[in-house]
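Every chain is named by a letter (A, B, C, D and E) in the order it is written, and numbering of its residues begins at 1.
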Amino acid sequence: MAEIHFEGVSKVYGDGTRAVNDLDLAIGEGEFMVFVGPSGCGKTTALRMVAGLEEITDGTILIGDRVMNHVSPKDRDIAMVFQNYALYPHMTVEQNLAFGLKLHKISKPEIARRVHEAAAALNLDQHLQRKPKALSGGQRQRVALGRAIVREPAVFLMDEPLSNLDAALRVQTRGEILTLQKRLGTTTIYVTHDQVEAMTMGDRIAVMREGVLQQQGTPEELYTRPVNTFVATFIGSPAMNVVPAPVLKLGSDSSLVGFRPEHIRVGPALNGSVGFNAGVEVVEYLGDEQLAHLRLGELSLVAKLPVADHVEPGTAAAFAVSREALLFFAVDTGFLTDPPS
Amino acid sequence: SASASSSVSISVASLVPGATAAATAQFNNQVKQFEKANPGINVKSVQYDWTAPTFAAELAAKTLPTVFTVPFTDGDSLGDAGQLANLTKYVKTYSWSKDFDKAAIAEGTDAKGQIVAIPEAAYAQGLEYNRNLFANAGLNPNDPPKTWAQVETDAKAIVLHDAQVAGFSVMGANDNTAGWILTTMADAFGGRMEKGIGAKAVATFDNPGAVAALTFDHNLRWNDNAMGTNFNLSWGTSNQAFAAGEIGMFISGSDVYTNMVQGFNIPAGIYGLAALPQQSSGSGASSPGELGGGTLAAVTPFASKAQIAAAVKWINFFYISPLVTKAGAIRNAKSLDDDNQPVGVPTFPIFSQKIYNQDLKWEEPYINVPETAFAPFNKSILKDNLVPEPEAATQAIYGDLDSVVEQVLTNQNANIPALLQAANSAGQASIAQASASS
Amino acid sequence: MSTAPQPAGAAPKRKRVRRTPATWVKRGGLSKFLFLLPLLLVFGLFSWYPIVRLVMMSLQFTNLVQPAKWIGLANFSEVIHDPLFLIAVKNTAEFAGLALVFGYPIPLIISVLISEVRKRRGLYSALAYLPVVIPPVVGVLLWKTFYGDSGGIGVFNTILGWVGIHPQEWIQSTSQAIPSLVLYSTWANAGSTVIIYLAALTGVNRELYEAASVDGAGLWKKLWHVTLPQLRTILLITMILQIIGTAQVFIEPWLFTQGGPANATLTVLLLIYDYAFGNSIGAAYGEAAALSLMLVAFLAVFSLIYLRATRAWSTS
Amino acid sequence: MTVLPFRRKQRAYEARQQGLVLDDDWHRPSVKWGLGTAHVLLLVLLVIVGLGPILWLFKSAITTTQDTIVSPMALFPHGIAWSNLTDAWNNLDVGLYLKNTVVVAIGSWISAIFIATTGAYALSVLQPRFGKVIMAALLTTLFVPAVVLLVPLYVEVVDPPFIHHSFAGNYFAIWLPESANAFNVVLMKRFFDNLPREIFEAARIDGCGPFRLFFNIVIPMSRPILGVVSIFAILASFKDYLWPLLVLGDTNANLQTVAVHLPQIEPFTPLGDFLAALALSALVPIVGFLIFQRGFLRGTGLSGALKG
Amino acid sequence: MAEIHFEGVSKVYGDGTRAVNDLDLAIGEGEFMVFVGPSGCGKTTALRMVAGLEEITDGTILIGDRVMNHVSPKDRDIAMVFQNYALYPHMTVEQNLAFGLKLHKISKPEIARRVHEAAAALNLDQHLQRKPKALSGGQRQRVALGRAIVREPAVFLMDEPLSNLDAALRVQTRGEILTLQKRLGTTTIYVTHDQVEAMTMGDRIAVMREGVLQQQGTPEELYTRPVNTFVATFIGSPAMNVVPAPVLKLGSDSSLVGFRPEHIRVGPALNGSVGFNAGVEVVEYLGDEQLAHLRLGELSLVAKLPVADHVEPGTAAAFAVSREALLFFAVDTGFLTDPPS
């Protein structure tokens, strides 16, 4: 068990791409840290540097209190779940699970014990003798997870481990991973670009953008107090509506105002609210809720409304947002500012 | 007198590929003369060179010309197998058909006594020697060895003077040439590789002559170290090595001089030719003899009667008349000389000795080969006993013998009698196979 | 609006639309045929039909000029009783065996090393492939001079001389001839195997190596547990292809030694050739065909057994 | 100007794509030195073995016969003999035979590509009813060595069924049988098999019939494997010996190829001239290969046919 | 423009798999029909039969009033978007878009017009000269869409066209497709296994299972009146809770009762509600809502609660569901039944 420290870590690829830029981050022992960010923001690169699969251009990575910069992956006591599983196609499930243990010279009975325990936990008992080719996507995913688990390493690294699963399996496996990580108490870095995954799973979330760490904190912190418009719009689905403040007759030209779709109500503005009239363009029915796509001049807004509210596409209506729900950002930097008095 | 209305076309083997333009023109000229003399016959000339690997296939595929040539060794077997046209009826109309040397015409006669091929050239095996190397080693170039023992001493003398060359060399390639030369030497030692003809032929490899010949080779190779370093020579590479001055003595046909001139620009004056030493190897041996060979002109079995008739006319005109008529002889010799090709290289009579001598006289004005080079051969050859090649399965038998020679040249501990015995059973199988084919 | 699932067959069925020549053309039958036609023609004429002829010839006596005689299995028994038959089989087996010992591991080692080259990998593989580009006729004739078969003691003996080793006889010796041919053959053919392995190595998923590193594998362990198993199928295929190829060895013994010295390099294919073309009277086409069929049958059966035996092992 | 950096980047990326030695491993001294040494040794070995014989051949092609025989490893002790080359070109007719060989190679190449692409396309993409049977029949021919078929094939070529006009002495007698090469067809088919089916389906929905699909989609996507089969086909026609000997006739200088010519002149030719002839004959395929090697050696074509 | 009729359509593959079984379905002109169902249920097969890429084993497919069974794909006037894009790798984006038009002998200027229009609509203008290899996943997706659009066909067929996109891009493209389809009024079949996509996009949805059509209707119909437990649990995320009726002290052993997570409230049962006590296992925070995983004896339930409700993992609490929200199903057949009186 170990903390992980990034200290001023940068990665520049051979072709000059600066994939990670001066990253400072500490991950506590047993913590579940999620890296999110749009495609190409450097999540995988950061993870691979921890694994030792990528050279560190600048800065230091520590696991526990050991500098890892030039330690070979096999000596780092980590386990990694690859996005594409990376199962050994020529080995059975059992051999896949046992391989890492064998290399670490664990005794035979101990290997058998751990493998069967993991297989039982992941519902893989019946498939132990199959090769990966004969498994479904979900089963492969679980083998990849199992391979990491049996190792009982100091650190788990997971690179979008659920991206290839369909929605149902995804939700289920999400739960399994969480339960397991809590039980083992293993420090974990989990990469995803799916913000729902990030929100539901992370003890803390680190949001990256073009190699630069934007914000890190608990899901609630990120949802309620995003440091800038990037984080504000990236976290939450549908995304936060961000509009120039003057549109809502608030504050100055140099301010943006943001509010989440679920904070929009139908009806005129009451006390402590701001109101606006908007055209209803499309209404998406979600079963328990509906999404209304609104048009306000040039701007598009999304409102998440209860199904009971009747909004007709093609009509216009009055909407309101509570003032408490509003966040203000500077136009130039995008940073969160205090509300105008 | 063929009816003028029915004209017939034949194709005939012309010169080997790569012949000079002059030679080609000269050949075409002969074709024209022939066509003029024989209205109603159209002659198309086709380049042709007999090679063992493709001959049978081309014959079967009908890609050979109507008239072509085959070696002595193949004439009767091809005839027996029905692969040549029967020419008897047509040949009998010529007066020269009665004058053939018996051994020569036998090569073109099949088991039923039909003439299936007409002998057109013959040669005897001889001992080629390098006059320069002889002189350098202190030997007399005009007095080549007359016994096998002299061959050995001369070879040693040559090597002693120049270690880079082979004093005496035999062909050792696995392409039947090794077996051919072994048979030549065995005959000269008074052995015979085969007795009887056709299906009744018996392989007799294990004869005293063959043992003597191989013992001789073994001795020069391993005791005297007088055979150089290359034991894989074949007909062409031997000629090349000889022309390059790397061989003191070797055995080949009396007609190879032509090839050495045409192919390798052999330096003037180094070529010498002697008859092979004749030496009986004691009890049980036959009389020693000179192995001979030659070429037959034959006609494809697919030819029609009219084509066969025309073909034999062409054979008479092109191959035979230079040997038996004055006009033909002069025409041939002159054109060769004009083309700077050797005239007067010793061949062997196909017809009677008288006709041969007469022919030589007609040619005399055009002879251009150095007389001294051939004198030793010419002096003794006519006295010698001429032996034909083994009759049944000739090439196959040579092939079976190849490996014996190779063993003796490459393995110091080769057991000669045992090798011959083993080869003998293979030879007998080859004979059985060949006779099954007729 | 909602449809409850009905038991199958409850709904009224329409009649199936029939196939007619018109639908065949419409669905592309004609163009399938047109695209296949050149292949069928060429293979039919120049491969399959000659194979049928071959089978017929093996049961006949024929010199192709006179009408063929049917003689049953006589050709086969002739071949089996030919003393050269066993020699040829033994030589061929020796050649194939030696070629496997040299020719199999060397390309693998070379290609694994090349695949780790970071700079100028193209240069390495071009050098490895260069001998394959030399036409075999040129290669063999060139190596004849290396072996000292064209006068002088040859290149190899000269080099051996530098380190004080006696001149060897190479292809002129009954015992060294086959190894010499194998040496040439390995030189001439290893390059194509290298290229095939390199292509296969390109296909190995890099993530597997990374997974193995994280799992705790060092270089050798990765080579043994990832690289080789990933190449397993292709290794098995190249092995059988090489065995089939060397069992059909012809051009080397034929151009180097014509089967000599003393039949030391007489291979099965050379014997077939000798039967068919070695005698100018065309007497043994039947035997040639019979021996050919025996070789083909042996190779086919051998390959089937081989593929059966290794199937479990090759599926990855 | 922009080409060079682009190519360099390309190569670096390629190097990243494969290999069991990770970037980080390279920094450990044991790996760096061990593997580095191995690579240097390998390069030396490949130069000696792959390039050495060819360099020797070119050297000897301009060395006097005597020098080559007496001291084969020495550099021109008696000067350079350029005359070898002219002798070989003029007297041995190497130029003429090379021209013939190139004609043979081009024809064989065209017909091999034609048969392999159309056949593989039919078998892999159009999938006719008896495709499996045809495939099995193709694979069987791999067991039948060419030498074995010489006789029946020859008989057939000189008297083909239906046509009954001999092809002997005609280049079609080489071009056509040469294209009946199951290996090429199988290779091509495997490559086609690995092309994504959906692209073909998209094209059919876009309005492609079988011919358009072939010319507009399949062929442009198959460039790598076309390169591989081309190299194989061209090398094969430089290799072929017995068949041309038989069908073009051993006497026909106007048609015959170098591969047939060289063994025939070997016995009669001085070594220096002969080696010059060999060098000239080897030059054409070597130069051709060096020109076309890039895509081939990168292995995109072959690995496309090997995977799956 | 054209309707599509499936009449008793079945597909049996060579190996005996009955992928589609006796499908009867009519799709109206200009309608947006979504096929959903779990993996392997025959969605793709049905679509491919419409495209003519798969032979029809039995039954008839009509487009307009033309029987299509033996019409070649190129003569059907359809366009298809493939799951993996299936772009022509050797053509530029422009050539990809123009290819189908060229084959249909559209005039050059008309091709140029349509291609540039589509490129503008899909934001592909700058990439027209690039090859697919040089595009990001989202861009490729848009080219694939564009290729279908420019054709202006009678029918669009789309096979999971968004499955390879990340969440953000997915939401965005979803909107684009819808807008476009409405504008062109092209009859569309859209295959997905994502029920959110199905709900938000479809005019009507057809739910399939093992080759058999289960139900078809508007999203609302499917959400509120699923015909059986399969549809009930398949539509809606998180899935409907389905428990034996006796657990909630309702009706008989032969009944199942279903209710959606959003219908669970915290607190004791009021009038018109049924109540139960359950343990809280895990709570997932979604920003605007939270998912509580409940345990009721052997059974797991999910409740979707406002963030304001404070439920502590590890504790037990009282929950209630309004009776109106309950659906009843027969245990044996799974079919919807009337509520017990």
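By our rule, a contact is a pair of C-beta atoms (placed from the backbone, for glycine too) under 8 Å apart; a residue touches a chain by one contact, two chains touch by 3 or more.
Remember, predicted model here, so these are calculated numbers, not experimental data.
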>> Give me the two chains with the most inter-chain contact pairs.
In response: C-D
> From the centre of chain A, which chain's CA centre is farthest?
Replying inline: B
> Centre-to-centre on C-alpha atoms, which chain is most distant from chain E?
Replying inline: B
> Taking each chain's centre as the mean of its CA atoms, how far is chain C from chain D in angstrom?
Replying inline: 16
>> Roughly how far is chain B from chain E, centre to centre by C-alpha average, rounded to an integer in Å?
In response: 92
> If you average the CA atoms of chain A and of chain D, how far apart do the two points sit, in angstrom?
Replying inline: 53
> What is the distance in Å between the mean C-alpha positions of chain B and chain C?
Replying inline: 42
>> Please output the residue numbers of chain B that touch at least 2 other chains, ranges allowed.
In response: 53-54, 57, 60-61
>> Where in chain E do residues touch at least two different other chains?
In response: 72
> Where does chain D touch two or more other chains at once, residue-wise?
Replying inline: 22, 25, 150-151, 155, 209, 266
>> Which residues of chain D touch chain E once you look at their complex with the stated criterion?
In response: 196, 198-199, 201-209, 212, 216-217, 220-221
> Quick one: in the complex, what on chain C touches chain B?
Replying inline: 61, 63-66, 78, 81-84, 148-149, 151, 153, 169, 171-174, 257-263, 274, 276-284
>> If we count contacts the way the header does, which residues on chain B are in touch with chain D in the complex?
In response: 16-18, 47-49, 51, 53-54, 57-58, 60-63, 234-237, 239-240, 244, 263-264
> Okay, in this complex, where on chain D does chain C touch?
Replying inline: 11, 14-22, 25-26, 31, 35, 38-39, 42-43, 46-47, 49-51, 53-54, 56-57, 60, 68-73, 111, 114-115, 118-119, 121-123, 126-128, 134, 137-138, 140-145, 147-153, 155-156, 160-161, 176-177, 179-180, 182, 185, 209-211, 214, 235, 238-239, 241, 258-259, 262-263, 266, 271, 274-275, 278, 281-282, 285-286, 289-290, 293-294, 296-303, 306-307
> How about chain E: which of its residues touch chain A in the complex?
Replying inline: 39, 136-137, 166-168, 171, 175, 178-179, 193-196, 199-200, 219-220, 223, 235-239, 260-262, 282, 284-288, 291, 293, 304
